[in-house]
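Order of writing sets the chain letters: A, B, C, D, E, F and G. Residues in each chain are counted from 1.
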Amino acid sequence: MKPLDLLQQSLHKRVLVEMKGGRSFRGVLDAYDQHLNLVLSSAEEVVQEVVTPRQGLTLLRGDSIVYISP
Amino acid sequence: MKPLDLLQQSLHKRVLVEMKGGRSFRGVLDAYDQHLNLVLSSAEEVVQEVVTPRQGLTLLRGDSIVYISP
Amino acid sequence: MKPLDLLQQSLHKRVLVEMKGGRSFRGVLDAYDQHLNLVLSSAEEVVQEVVTPRQGLTLLRGDSIVYISP
Amino acid sequence: MKPLDLLQQSLHKRVLVEMKGGRSFRGVLDAYDQHLNLVLSSAEEVVQEVVTPRQGLTLLRGDSIVYISP
Amino acid sequence: MKPLDLLQQSLHKRVLVEMKGGRSFRGVLDAYDQHLNLVLSSAEEVVQEVVTPRQGLTLLRGDSIVYISP
Amino acid sequence: MKPLDLLQQSLHKRVLVEMKGGRSFRGVLDAYDQHLNLVLSSAEEVVQEVVTPRQGLTLLRGDSIVYISP
Amino acid sequence: MKPLDLLQQSLHKRVLVEMKGGRSFRGVLDAYDQHLNLVLSSAEEVVQEVVTPRQGLTLLRGDSIVYISP
């Protein structure tokens, strides 16, 4: 298995995405590419314990991502 | 679907673009490329809750972008 | 349209260039390349509301640029 | 031996992964690629001595990694 | 004209080079390459208004440069 | 001689590796690659004068390295 | 002349190397490559006016270098 295979297995499942600078997202993984750019649906953004729902699809830029977890 | 396909679907629609350093933009997506460089029309820049309208077309450099959301 | 096409349309027009670190420039766009390196003429540099005129042509390195606006 | 051969030898063994910004992970190495993107199972995240278990598989982005140790 | 053409025109002329981190140089441009690495002669380094002359030729690494101006 | 030849000569010898962010390692160089990724054995990590022994082999990511010295 | 030609001319001569983060080195340039990785002999490291001699050969990673001067 390669790390990107994990993203393939995680499609259409909920993931936690921790980003640089203390921001994180929770949502359903709808798409990814080899740069780790991600698309989440039904996403919530969390900054310092403040939760903001994000309607529609959110595109996260790969180079701001630290880790991705279920 | 790949993440950049989301940008294709978002053309001519309003987006929120969160950038590094606490800056964000709201505007209509007029163009994008594979580096996530974006062009917005009718854009508003928001820094620490201060809103500044930007006339004409604004080009955002992709590597300063954290996420793009409707 | 692609984002760099906007720079082509902006040639010989005044632009605002916001840079990382709180610096910005206003000037006439005389040249650009695919890295977003820019050349401005009749430029003014603004740092914390202090305006410094820059004589001749100023070359801005693309990877320090955050956005470009009319 | 090349450095990535060490990752091959570490597959299915417990590793400590120190990341930029004071975050570390402990877990079993399940996958890696040439960018040092890693997948850990049974992972624990440690930030300022606070330990958070991460269920399932965690994908760590290579460019946030400082070092990997048994 | 492309941005690097400006460097060609600036050869053997005095330039101001603003660098990341609050450092700047003034000197005569003797050489450049496509990474914006520069060689200055008769250079003066300025950090927080303290001027230090640099004898001989000084090589500035391109990726620390913010802008170049006459 | 090229800089990476120095690493070839340093194989199986003790080195000091200074890393970004005030961390350093001492250990025996067991492997390296062209990205300056290193493997150390019998390594000690030093952060603010606190020394932590690291058992087994430690993989240091090249882009966090500042310098390598005997 | 290209900037790297200056390094060729500086071989076996004393150089000052200013690095990111307030660190500098003085020593004799023994090797370089196109990434500006350098090898110094008889090097002294200077951090906040504290001078530390470095025995043997020191390898400086190019992307931490700001400028090189005689």
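FYI, a contact is a pair of C-beta atoms (placed from the backbone, for glycine too) under 8 Å apart; a residue touches a chain by one contact, two chains touch by 3 or more.
The shown structure was predicted, so the numbers you read here are calculated from the model rather than taken from an experiment.
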item	value
Steps in the shortest chain-to-chain touch route ending at chain F and beginning at chain B	3
Inter-centroid spacing, chain F versus chain E (mean Cα positions, whole Å)	33
Rounded Å distance, chain A centre to chain B centre (Cα mean)	18
Contacts with two or more other chains, residues of chain D listed in rising order	63
Ring path (origin chain D; first step to chain F)	D, F, G, E, C, B, A
Partner chain D, residues of chain A touching it in the complex	1-7, 20, 36, 62-63, 65-70
Chain E contact footprint on chain C (complex, rising order)	19, 21, 23, 25, 30-33, 37-39, 43, 54-61, 63-64
